Structure formats: C-alpha cells, structure tokens
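Mind looking over this structure? Questions follow.
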Amino acid sequence: MAVVDVTIVPVGTASPSLSEYVAGCLEVLQGAAGITYQLTPMSTVIEGELGRVLEVIALMHEQPFSRGAGRVVTTIRIDDRRDKKLTAAGKVAAVQARLGKK
Amino acid sequence: MAVVDVTIVPVGTASPSLSEYVAGCLEVLQGAAGITYQLTPMSTVIEGELGRVLEVIALMHEQPFSRGAGRVVTTIRIDDRRDKKLTAAGKVAAVQARLGKK
Amino acid sequence: MAVVDVTIVPVGTASPSLSEYVAGCLEVLQGAAGITYQLTPMSTVIEGELGRVLEVIALMHEQPFSRGAGRVVTTIRIDDRRDKKLTAAGKVAAVQARLGKK
Amino acid sequence: MAVVDVTIVPVGTASPSLSEYVAGCLEVLQGAAGITYQLTPMSTVIEGELGRVLEVIALMHEQPFSRGAGRVVTTIRIDDRRDKKLTAAGKVAAVQARLGKK
C-alpha cells in the first residue's frame, strides 16, 4: 500500500478557475475500485496498491483533455514504505502523537 | 494571500520514520504569526501573505538540521491567485460544489 | 509524446549520499526501449509515450528497495501537450529563441 | 550552498504555450548576483546561498503576473546538503562516476 498525492493542472484554459477540471478528475476516483482518497486544498491524496493508484491517476490525467485542454501538467508524489504498513491516517496520527507528547 | 504546501524530507536519517522531524517542523508553525496551516497525509498546507509564508518555511527547513540531519530535501508548491481571493477552504469548497451539482 | 521528470529519494539510508541509488535507477533507463532520457542536477528527464514512460518509472521506483531501502519517495512531473508535438529539446529551444530576440 | 529547481506555471493563459513566460522568468536570473543557473526541459536549476536563491525565485514568481496572468503555480525543490559541499555539476558527476565503474 502506498500513499500518493496528485495535482493535475490544465494549461491554456483561458480562465484561472480550475475547479471544474478538478471535479472531473475526482469523478474518476468516485467510481474507482481498490483505492481510497481525500481532497485537500493543494492536492488529492490517494491510498492503495501502487500499481492500481498509478492506473487510476493515468485516467485522471486524461480528464482535462476530454474537456478541451491542450496541455496538462500532472505532478504525482509517491510515499511507499515497506518496512511497516503506511496509511494516510496513520501518517497524520504519528505526527500528532509526537506533538501531543510535548 | 497564497495557499502553499510544503514537504520537508531529511536524507540519511538511518530510520525510515520521519514523524519526529515533521513534528519539529510543525512546532515552528504553532508559534508563527500571520499564517494558518493544516497537516495533511502528504504535506503541510500553509495560508498567508506569500512573503511571510516563505519566511516561515525557511525556518521549518532548518529544523531537521538542528536534529542532526546532514541533508534536507524540501518541496514548496505555491498557488497564488490575484484575480480573486484564494483560500485553502474555498478551494476545496469550490470543487465540492461542482461535484454536488451532478 | 510526453516530457516527464522524476526524482527518487530513498528515506532512512545510513548516509546522505544518494548517487549509488540514482545510478541504479539510471541503469533501468539504459536498457529501456521506447524512451530517451537525460540526467539533470535535480531530476531525470524522460521523453516518450506517456504509458511507456510511467511503466519505466515504476521499475525505477523499485530499484532503491532492491538495494535495501525501506521507504522511497518518488516525484513524477508530467508535461503532456497534445495541440502540438512537445519534446525536451524543443521546450528549451523555444525559451532560448525568445531570450535571443531581445 | 543549495541546489534548487523551480517551475513557474501561469494558469488561465489563453494559449498552452508558456515559453514567453519562462523567458521572462529567466531574464530575472540573467541580472541576478550571487547565483548560477541552467535551464532544463522541465525546470530551471539554480545554485547559490539558499536565502539568496529564494529571494530571486520570489522575483521570478512575480513575472507572469506582470505579463497579465491572474494565477501562478510555482514549485520549488531545495536540495540542501551541509555535511559536504553540494553543487549542481558535482551531483551529476557523482552519478556518472558510478555508472562508469560498471
């Protein structure tokens, strides 16, 4: 299981508003098996088996083209830990536990 | 006002666990005037006047060195919109409103 | 054809030196069909059909684990332009042409 | 001395072509004291004292706004190593030396 975040930015969209495009990408996630996700202010965090997550992101990356974009810049960050189970919730909890101790 | 996210990864820490270092970086934010922030599974989102946010991130970047790290890789993503007010909460709400319509 | 850059950072290595790991990732590229690549100071730039590039990056991402790393943070940036042919060399040349005009 | 790379993407431009904006950002670098830089296909690599590099990047980030952009997404990656001198050329050379050995 990997924790991944993704940003998908269409370029040359005339308007600086991107929420329509981001919503289109999230619709791909709503129907996707084998992953969980959460929207944050700067990216979408996706959790699942790495191969499956990358498969889903490849579909998300197509979305802005299907809405007319001519160019898309996508950034994927993979956090893959194999010495112990890594989860999105566990990562946040581990930091908060350390902050709480002080 | 800009919305920014930051990841700070110390390299050569012997252990793959980074929560101690992330907590150290968040302590910088806890005491910082002029910004708001939230911890997400893949980064910390900071909101504020851009110059002030970068000043605070420069302090965060020093934290792992003060705990003994010899090398730190920091990634900063700035979303700066000036044709209308941009907020972290507003970005998420705009996408959710579009998803709700369908 | 997409232009992509990738950074692969093993976490929890004993030393801050990563060149051994980066070299391992580049060996994957040396043998890979259907792509071209160049090493830069901050990332490796890969050019090719997007699905093929992502396939190769998935193999690169496995490399540090095979050398004993317990955690790997990989960042992939995809620049995908479909209204005209995009190449790594063409991107740099377009900027230099504009600078030369002035 | 840190090695940093930066990408500056204006959002909501009429055209998917960004070379005009990238050239504007590079003009800032041409006149900047205390840093060296190189253009690569996916980012601009800047080398110098970290505070100075961030100062220069803040100026680069203003460039697309001065050309009419309403929104700019800037990504900064900092590689800061303090146990030994880090240079852009040295990073590439270290990897090539390892590849050459095999």
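By written order: A, B, C and D. Residues from 1 in each chain.
Definition applied: contacts are C-beta pairs under 8 Å (C-beta built on N, C-alpha and C of every residue); 3 or more make two chains touch, one makes a residue touch a chain.
These numbers come from a predicted model, not from an experiment.
For the interfaces B-D and A-B, the C-beta contact count is higher for A-B. Taking the mean of C-alpha positions as each chain's centre, the chain lying farthest from the centre of subunit D is A. Here the spacing of subunit A and subunit D, counted between their Cα centres, is 25 Å.
Once the centre of each chain is set as its mean CA position, subunit B and subunit D turn out to be 20 Å apart. Here the CA centre of subunit A is 16 Å from the CA centre of subunit B. In subunit A, 11, 16-17, 70-71, 73, 75, 77, 79, 81, 83 are the positions where the chain touches two or more neighbouring chains simultaneously. Listing the residues of subunit B that touch subunit A in their complex gives 3-5, 7, 16-17, 19-20, 22-23, 26-27, 30, 38-43, 45, 47, 77, 79, 81, 83, 88-89, 91-92, 94-99, 102.
In the complex of the two chains, the subunit B residues touching subunit D come out as 11, 50-51, 54, 58, 61, 65, 70-83, 86.
For subunit B in complex with subunit C, the residues that touch the partner chain are 9, 11-18, 69-71, 73, 75.
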